[in-house]
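In what follows, subunit A forms one complex with subunit B and a second complex with subunit C.
Moving on to the complex of A and B:
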């Protein structure tokens, strides 16, 4: 059999759990021309197939699994798969991206895209074994931890190379903080947006996948040349050595430098971080410099605890796990590793869970919740046993309080009331992540404009830190754009560019840490646009320009924006919690006392809307903006629903 | 006359970046070299996962008197005079799998597309694709003397670091709740 001509398999798979019908469809230029793959395709399918009348946990919602266009090839760091659905947290566009081997396996089975709809009567799992696709009874898998399900599926298939996507008990219980786990607990998670709850609502425990076909490459020599250039670039880029040395834990030094920890439920900017020093993780707990599939950067980290109460624990964790532990006031590295292990096995999104538990802790410390509500847990910041126990209860919806918190921080605050809404830190219902935006205005706007709720991986506003004033003038028309705390002009344009930029990564399946973080802007552009485009052209046989690639990122973003608009979102939803505007950052340090200044926030947002061609007052997409990207069908749909801006 | 070589896992366990990272680029580029496309199941080197954070690349040990050849009923496994290793004659191979069961390392496998046996052929004598691509530089094509040198260094590292046994011990991955209450808060 001749090898396929390019990196696309050319087919997609659709599974209706209600009827049990399984069908394949062509995956052709209708998808690839404009949307390329990964998040680009997933966003469009979600827009086309899930109208606002379909609630997130309805059978009509889709679970869309879309490997990045380069996933499965040997392009460096092409390891990412997008899982998308209408989010039960935000009621808007939802997606999560994981670096593991499942997406490549789906392609090797011969499918570029998997769409799941309907709801099975009883728990089932989907088996994809090349052309043999069937739904199987999963009663014996129900209730199992993510790691156990993966091991059982491999055992039953008698194939240790079998890949899987699973949910843990949290997803089964439709906890809105549940993620979708790739290859067990420790390999990668499509965590955000409550996608695990969508999978649980469909009674789908797992997708076991075995693919034996080739993933082609149109021009192997061009791919190898681009790979070599990538290696040369990362050999020079000062961003990379600390990433390889510390993994993503290295971002601690960034948070310390700017004093933006957001500890104890987003109140403290400076905080006691020494126990969570990257060097502590590296020297005391790290197993080795691990990597996601196909990645030469090796910033993935598995840790093990050899002594103390958590001895024997091994877990993968990333920087955000540490950041969310600090949000809960936890300062001990071994406890962070144990918590990561717990969330990963139970099937929880660490970021959402961390913010939600921190919210409950603040309610407890302020007397809104008492030990009667918490069933005896002394829910204070930094109380590790209570933190772990509440996490476990949330995943299992055990007890009244955990059952309420399992709905996510926005709904929990509405239920608890008594002014607790003020401590619920979320954007559009999605819990906040990463560093505190106070003192960094464009960061604040970037959380607000994110199409999947509070999130730091939706854009790259940190490029203000790496740009020189000259570069800022050239790219954004103002040297101010490189001024972190005081700059205003050019910031909105920079934000729009950075959103389009990282969206390319999600479309192609390239890791954001390997491609969309750099120490200087020229390196960032070289990796994220120039090399990404060359790698895609080499694998697909197409000849896109760098401008086409940036437009593809912009297009995917606009599809998501249009989706949210159709779900009712307006400018009023592009906002961050009042805490950031009104309460000065505590704890002293470089950003001590800072707030997000509302007039600056609005001015950056104005410039951003203008550059995005959204209607300034309402934030609605416009016909001109959408049609410029070839999204005429979406413009017509929004016009029909009277959701198009002028 | 060139000496017989084989791919050796030349890890440096005293360095965090000196251990197989589990990126599987060796599998991907092995299959690209041999088949012109990416497919880890057609690779002649495999990264075996033994648990969280434990990945080990395994490939043909290029035995002098190999069990695979002894097991073959079709004389499909032939000695290559130039490379000084055995290779599979794809025309003679029937895909019967006798060699697969006989190999003590489990590293002669059946190609899922051609349905014939495949094994490492050192990429025909040029720098092997896996060695060239490995970002951690833990694969090398070595003759016996050089392999001995590496094994000695690795053994020395095991002696030097008494936590190595702990590092590689599998298991202990399930969340534990029982000891939580003992911890002071």
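Moving on to the complex of A and C:
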């Protein structure tokens, strides 16, 4: 195989686990011209190959692994890979992204994309070693923790550079909260949407990958120049130093000062946080400050507990681990590290698991669940031993309650009943993340419109925090859009832009924290659009404009929206839990008493639909909107299924 | 209290300001400038370092709009026109937070 002239290998790998057939297919402009790579390509392949008749855990579902288009090129902070499938949690589009080395290794093996279909009769793992691609028996690996299986694969291959994606016991047990783990427990997780359960349903324990080829760069000098400009831009940005100092634990101070923790199952805005101060993590527990591949921001953190009941436990953790610990009422840093370790080794999505356990805790508090149901666990908020034990049981589906909770919070509430649906906190079946949206209406809408269920990483509505009124007027037609609590006009337009913007990052494999967060809008645009486009053009040899790149983000978003529409979603699914509309935030503090005002929510959603060209009343995509993006095939498909808006 | 009377405020510095200043808190005397603009002026006089100024202002010399000042517990966005003229009074605690959400 000749050295590639640009960053595309020009071929993809397809593995049918039912037949054992492994094939290499040409992978070219049919996908890359419009969808570029990463999430863009994954979303379109999912649309093309998994119709709504195929259930998420059926053999016909695809597990799609799609490295970002810049992965492996040496571009800064470009190490993210998309894993996608029809989600067993939401029954809609599902994807997760991790910053790790596996995607680059796939590209060095000579493939832009890996698509896995079917179901193996017995547990297997897939070995990709350049052109040698084999399915191997994995009975001895079944049941192993994510860290152990990664170590075992390296040991057996006698190759300490071997990369892997794996599932833990949770994925094997088809827990709908299971993630796909990159290089063991602590290096990165495609966590959301229950993708680990899809992998488990296919009897696929791991994908071990080794590549030795170079990933091409069309114009190395242009890449160097764009890299240099990126470094100069982040050197100006005060967003970066706190991220480098504390990792994502830094977000604690934002939550504290605005009182939007969402503690104890999204009820308390102000909460006892001092035990989880980022300085506590840094000074008492941090053992390593690192980075994903080629990332100068360096926000990755490893922690270790040195005393007490969890002495010796270590884990990588992010802000979301702390946030979801508070959702369960946990206030001690050593317990948070222990829980992170447990989830990562068992193969669970921390965010979904945290919300699900918090739901069970509220059921217990209200007497809907008793110690008889919990097999003796006193499931109170903040009870660390019960929290850890229930997490373990969920991963193993051990006991009736854990088996129900392993289905995710929406299905669990439907099974438990007794009004518990009211405090099952999810959007489209996907558990919520990040901070409480009460008092911040555009954030509330951003959770609702997310194409993979409640999630803060599908958009960047936080733009409202960094824009001046003058900038808001110029970009969104109204100064109001920069007003967090009271603004209305322009918010829908701003949300749509922010969704398209961060989707670029997922397409190219760029980290959102390194490229799609900034202290000013000009810095943000420069990194997320201008430099992202220059980096892509330098690596691919193409000549996209910034407008083309924004359209690519919009296109990928619309493919996912269309997928969900084809699965039955309507405007009624673009909604947040009633709790946020009807129950004032507790605990006092700056946001105490706040709710999401329904009228504001609907007005922002109306403006958003208008800007997206969706049908206002139903939220369905329209032919004009889709064809404008070159998605004529999808428009025809939706029309044939009578799912196209007018 | 007349605006010309001397007042003292306690300023809490969060990252990245505390790293550049080398301390987490500072007490400032505000003579005749009892507003958030006055607090920033006094901070810049006290910590006359390019790094400190760079954290507060962009390359065009504009105050970075993501900065939010909390007067005791009340947030004031400095990116809004009226933010800098917000009055402060003796014994107030002012916290400067880079208002950036995420997760």
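We adopt the following convention: the second predicted complex is superposed on the first by the 643 of 646 C-alpha atoms of A that agree within 3 Å, B and C clash if a C-alpha of one lies under 4 Å from a C-alpha of the other, contacts with A are read in each partner's own complex, and residues count from 1 in each chain.
Here is the rule we go by: contacts are C-beta pairs under 8 Å (C-beta built on N, C-alpha and C of every residue); 3 or more make two chains touch, one makes a residue touch a chain.
Computed from a predicted structure; not experimentally measured.
Enquirer: Looking at the combined model built on subunit A, do subunit B and subunit C fit side by side or clash?
Expert: The answer is fit.
Enquirer: Now for A:625: first (subunit B), second (subunit C), both, or neither, which partner does it touch?
Expert: In the superposed model, A:625 contacts neither subunit B nor subunit C.
Enquirer: Please work out whether A:147 is in contact with subunit B alone, subunit C alone, both, or neither, and reply first, second, both or neither.
Expert: first
Enquirer: Which chain makes contact with more of the residues of subunit A, subunit B or else subunit C?
Expert: Ranking subunit B and subunit C by residues of subunit A touched puts B first.
Enquirer: A:435 contacts which: subunit B (first), subunit C (second), both, neither?
Expert: After superposing on A, A:435 lies in contact with subunit C but is clear of subunit B.
Enquirer: Which angle, to the nearest 10 degrees, do you get at the Cα centre of subunit A between the Cα centres of subunit B and subunit C?
Expert: Seen from the centre of subunit A, the opening angle is 80 degrees.
Enquirer: Quick one: classify A:292 as touching subunit B (first), subunit C (second), both or neither.
Expert: A:292: touches subunit B, not subunit C.
Enquirer: Is A:257 in contact with subunit B, with subunit C, with both, or with neither (first, second, both, neither)?
Expert: In the superposed model, A:257 contacts subunit C only, not subunit B.
Enquirer: Please work out whether A:248 is in contact with subunit B alone, subunit C alone, both, or neither, and reply first, second, both or neither.
Expert: After superposing on A, A:248 lies in contact with subunit C but is clear of subunit B.
Enquirer: Between subunit B (first) and subunit C (second), which, if any, makes contact with A:341: first, second, both or neither?
Expert: In the superposed model, A:341 contacts subunit B only, not subunit C.
Enquirer: So, A:316: does it touch subunit B (first), subunit C (second), both, or neither?
Expert: The answer is first: A:316 touches subunit B but not subunit C.
Enquirer: Between subunit B and subunit C, what minimal C-alpha to C-alpha distance in angstrom results from the superposition?
Expert: Result, nearest C-alpha distance in the overlay: 13 Å.
Enquirer: On subunit A, which stretch or stretches are contacted by subunit B in one complex as well as by subunit C in the other?
Expert: The answer is residues 245 of subunit A.
Enquirer: Applying the document's contact rule, which stretches of subunit A touch subunit C when the two form their complex?
Expert: 236, 238-239, 241-242, 245-246, 248, 250-251, 253-254, 257-258, 318-320, 323, 433-435, 443, 456-457, 462, 465-469, 471, 482-484, 512-513, 517, 519-523, 589-590
Enquirer: Note which residues of subunit B are touching subunit A in the complex, please.
Expert: Those in contact with subunit A are residues 16-17, 19, 21-25, 28-29, 31-32, 35-42, 49, 51-55, 112-113, 133, 135-136, 163, 166-167, 171-177, 179-183, 185.
Enquirer: Residue numbers of subunit A touching subunit B in their complex, please.
Expert: Touch residues, subunit A against subunit B: 1, 3-4, 72-74, 101, 108, 145, 147, 160-161, 185-186, 212-217, 220, 244-245, 282, 286-298, 300, 302-304, 306, 309-310, 312-316, 335, 338, 341-342, 345-346, 378, 380, 382-386, 388-389, 392.
Enquirer: Please give the residue numbers of subunit C that touch subunit A in the complex, ascending.
Expert: 14-16, 19, 54-56, 58-59, 62, 64-68, 70, 73-75, 77, 79-81, 95, 97-103
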